[in-house]
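Each of the next two complexes has chain A plus one more chain, namely chain B in the first and chain C in the second.
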Partner chain A sequence: MPDDMPPAFDHAHIADQWGSPADDIYWTILGIFAEEGAKLCEDARAALSGGQLQALGRTAHTMKSAAANVGALHLSRCARELEEASQAGTLRDLAPLVARVETAWAAVSERIAEGGPMAGDPTAEGSGHG
Partner chain B sequence: MAEQRTILIVEDSRSLAQTCKLQLEAVGHRMLMAENGGDALALLRDNTVDCMLLDLNLPDMDGMEILREMRQWPHAPATVVTTANAALTVAVEAVRLGAFDYLVKPFAGARLVTTVNNALSNVDLKREVETFRRTVEHAGFADFIGRSLPMQRVYRTIEAAARSSASVFITGESGTGKELAAHALHTLSPRATRQFVPLNCGAIPRDLLESTIFGHIKGAFTGAANDQDGAAARADGGTLFLDELGEMEMGLQTKLLRFIQTGAYERVGEGRLRQANIRFIAATNRDPLEAVREGRLREDLFYRLFVVPVAMPPLRDRGEDILLIARGFLEEFAQAEGRAFRSMTPEVEARLLAYPWPGNVRQLQNVIRNIVVLNDGPEITEAMLPALPVSETLSSGPPPSSLFNGKPALTNGHASPPPLADLPEAAEAIIPLAQMERLYIERAIDLHEGSIPLAARRLGISPSTIYRKKEGWG
Partner chain C sequence: MAKVLVIDDDPGFRKMIRIILTRMFHDVVEAQDGNEGIDRFKAERPDLVISDIVMPNKEGIQTILEIRALAPDARIIAMSGGGVSLGIGYLGAALKLGANQILSKPFRPAELTAMVEQLLPADTGQ
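For the complex of A and B:
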């Protein structure tokens, strides 16, 4: 994981959208997103390999919204760049952007596996769910 | 308890869809979910949806297409568009196509709940204004004439219930418009394009009622020459109206209950289950709870049907509606009969308003028809009024004798026994009781324009008794 990569989760955004501490629904949704995000990454890679520009754009669009919903704003930004590039660019230019989404997803996934957005983050107010 | 509303979420992201679902369920709404536009349109056609959260970027279509499609619908849900694209032009276009509001993703739960509740209030207000406008402009609602307060309540209930598939139980005296109410519930519902099938359980011989409802196969019983579908098949996707439900025999009530609960039924003699998606409306002119107590109506069937009760007010409680209805009939019959009638004198109007109308709108209709057929002129005068029976149980104070021209007065809705002077004086003049009974029953049927249920009610017996006797007469 690159040291200069932005935090996987934006705590202020989560507090704004879900309250502080985040309500129970947030933790349920985070669990669903853990599965959905992995599937979207697979779909993006498959679309890239299959040369399906439109499918890639749609997958990036869904990832952008779903990631922002749980406060994974860096992942959401990477997905937005991929979505915009897939609408305008060619497949050759998109490979690095898919890789960026995968890297951002890996950070988010790792944090979820550790116990949630606040886990292991000394700047966070909470330390995860429960 | 607040009414539960149905919200459709159209969203292809599972986590986003669940976010909306859990937050709206937490405030008591019922949720339907669609991952694409095709599923959304199917759910909209098959359900009564109050509000829709619509993602514009769907896998199979642009959400704008759904908005365009719904513009043709008379009862489209209030739609809140959800989009990750904050461009104002998208939102403006969605609102132009009929969306109530839009939410830019991600959005907080509180904002979602507030926006959906605002959308629901907006659609409620629109419907209420529309009902009021129609009522005032047309002095009525659906095929009803009248704008009295009791009828305004009926209209509001019908309008609200029409959007649902919930069963409706209509009560009210004879002639108050129970079938009109059932028909309005159907025509204002999403089922309006399918059939409305009315059945009068009291007017169909008991041994034929099961096959009338469920159909039969060839040879199922004597006279079943061919396979035949019943009302259940005709009403599939539409509405089945069961009038005089209390006249249905208990065994058939059990089959009806199972049909209502499962949507499954068997044609008589077939032995295989068929399915139908039906909205049930039942009606009775008697107290249904009394019928339950007397063992004539299954309690579980009653409660299964008594989801939305509609009580039709008697005409005597509808004030000026009496004149609106009388004028409506006058115009209709005068045109049909080629008469010059245009109005009524104030004295006639006062008489009509004072009369208790035990036969309700049907009686008023017959009175106006009688006047139009037997008279002519620009206006109805007092001299043209026919004899109107007076029910002591319905009128308060002394009966309006000027409306009563010496015909037998009614007591508890029934004629007093004839005076002794009218009875035979010689033994030879006595006719057999069975013959007398037949004459009397047939006369009662004639006087009720061939209606056996009405004749039976007047005679104080059940319609099935008359059917049985008619069979015996050959």
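For the complex of A and C:
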């Protein structure tokens, strides 16, 4: 991952949305997002390859909301940029934005695999699940 | 207890809403796009519909219009992560075209709970 990439998860946002420690619902939807995010990345790449701008924009829109819901705000912002660009841009312009979403997703996925948004972060409050 | 139809292509939001509404002792029926949502509405006649806007196959505005045509007194919440189409915000358009309330994603569980309590008649509550 690039050193200057923003954190995969925004702890303050998660605490604001879900409490601290986070509500059990949060951990349920994070588990769903762990699978859904990978599929959305595949869908975005397929839509780009197939020249399907509308499908690409819709996939980016879904990623934007789903990522924000679990506090993956950098990924959500990348997806929003892709969504907006897909409504106005050309396929050549969109390839770098799809790659940005994939990179941001990789960071989120890695953190989930490590145990969750706060895993390995001693400064994070409410890091315990349950 | 009320019956609530949740229409959203995002399985995470469907699950989240199901858990919140189940905690309120409501029954939840799910659909993953507008076409399935219309079929479910006809079959189940729910007390409340919660529909996403941007979905494949049949999007939410069209879905809300069709539900409103089927049941003029239907209670409908439109939700979206935001965005604009042809210069019109998704949620603003949904409100103009038939939704009773709008909910911006992401939302806190308490926001959904309050909205559902407001829209459902007292005799369908917990």
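Everything that follows uses one rule, which is that the second predicted complex is superposed on the first by the 126 of 130 C-alpha atoms of A that agree within 3 Å, B and C clash if a C-alpha of one lies under 4 Å from a C-alpha of the other, contacts with A are read in each partner's own complex, and residues count from 1 in each chain.
In the analysis below, a residue touches a chain if its C-beta (ideal position, glycine included) is under 8 Å from a C-beta of that chain, and two chains touch if they have at least 3 such contacts.
Bear in mind the structure is a predicted one, so any value in this text is a computation, not a measurement.
In the three-chain model built by superposing on chain A, chain B clashes with chain C. With both structures placed on the common chain, the touch criterion links A:114 to neither chain B nor chain C. Of the two partner chains, both chain B and chain C are touched by A:28.
Using the contact criterion defined above for the overlaid structures, shared-chain residue A:93 touches neither chain B nor chain C, since it reaches no partner.
Of all the stretches 116-124, 134-142, 224-232 or 296-304 given for chain B, the clashing one with respect to chain C is 116-124. Overlap of the chain B and chain C interfaces on chain A comprises residues 17-18, 23, 25, 28-29, 32-33, 36, 58, 61-62, 64-66, 68-70. Contact residues of chain C toward chain A in the complex are 9-13, 15-16, 19-20, 54-56, 80-81, 83, 85, 105-106, 108-109. The residues of chain A lying in touch with chain B in their complex are 16-18, 23, 25, 28-29, 32-33, 35-36, 58, 61-62, 64-66, 68-70. Those residues of chain A whose C-beta lies close enough to touch chain C in the complex are 17-18, 23, 25, 28-29, 32-33, 36, 55, 58, 61-62, 64-66, 68-70, 83, 87. Considering their complex, residues 12-16, 18-19, 22-23, 26, 57, 59, 84, 105-109 of chain B touch chain A.
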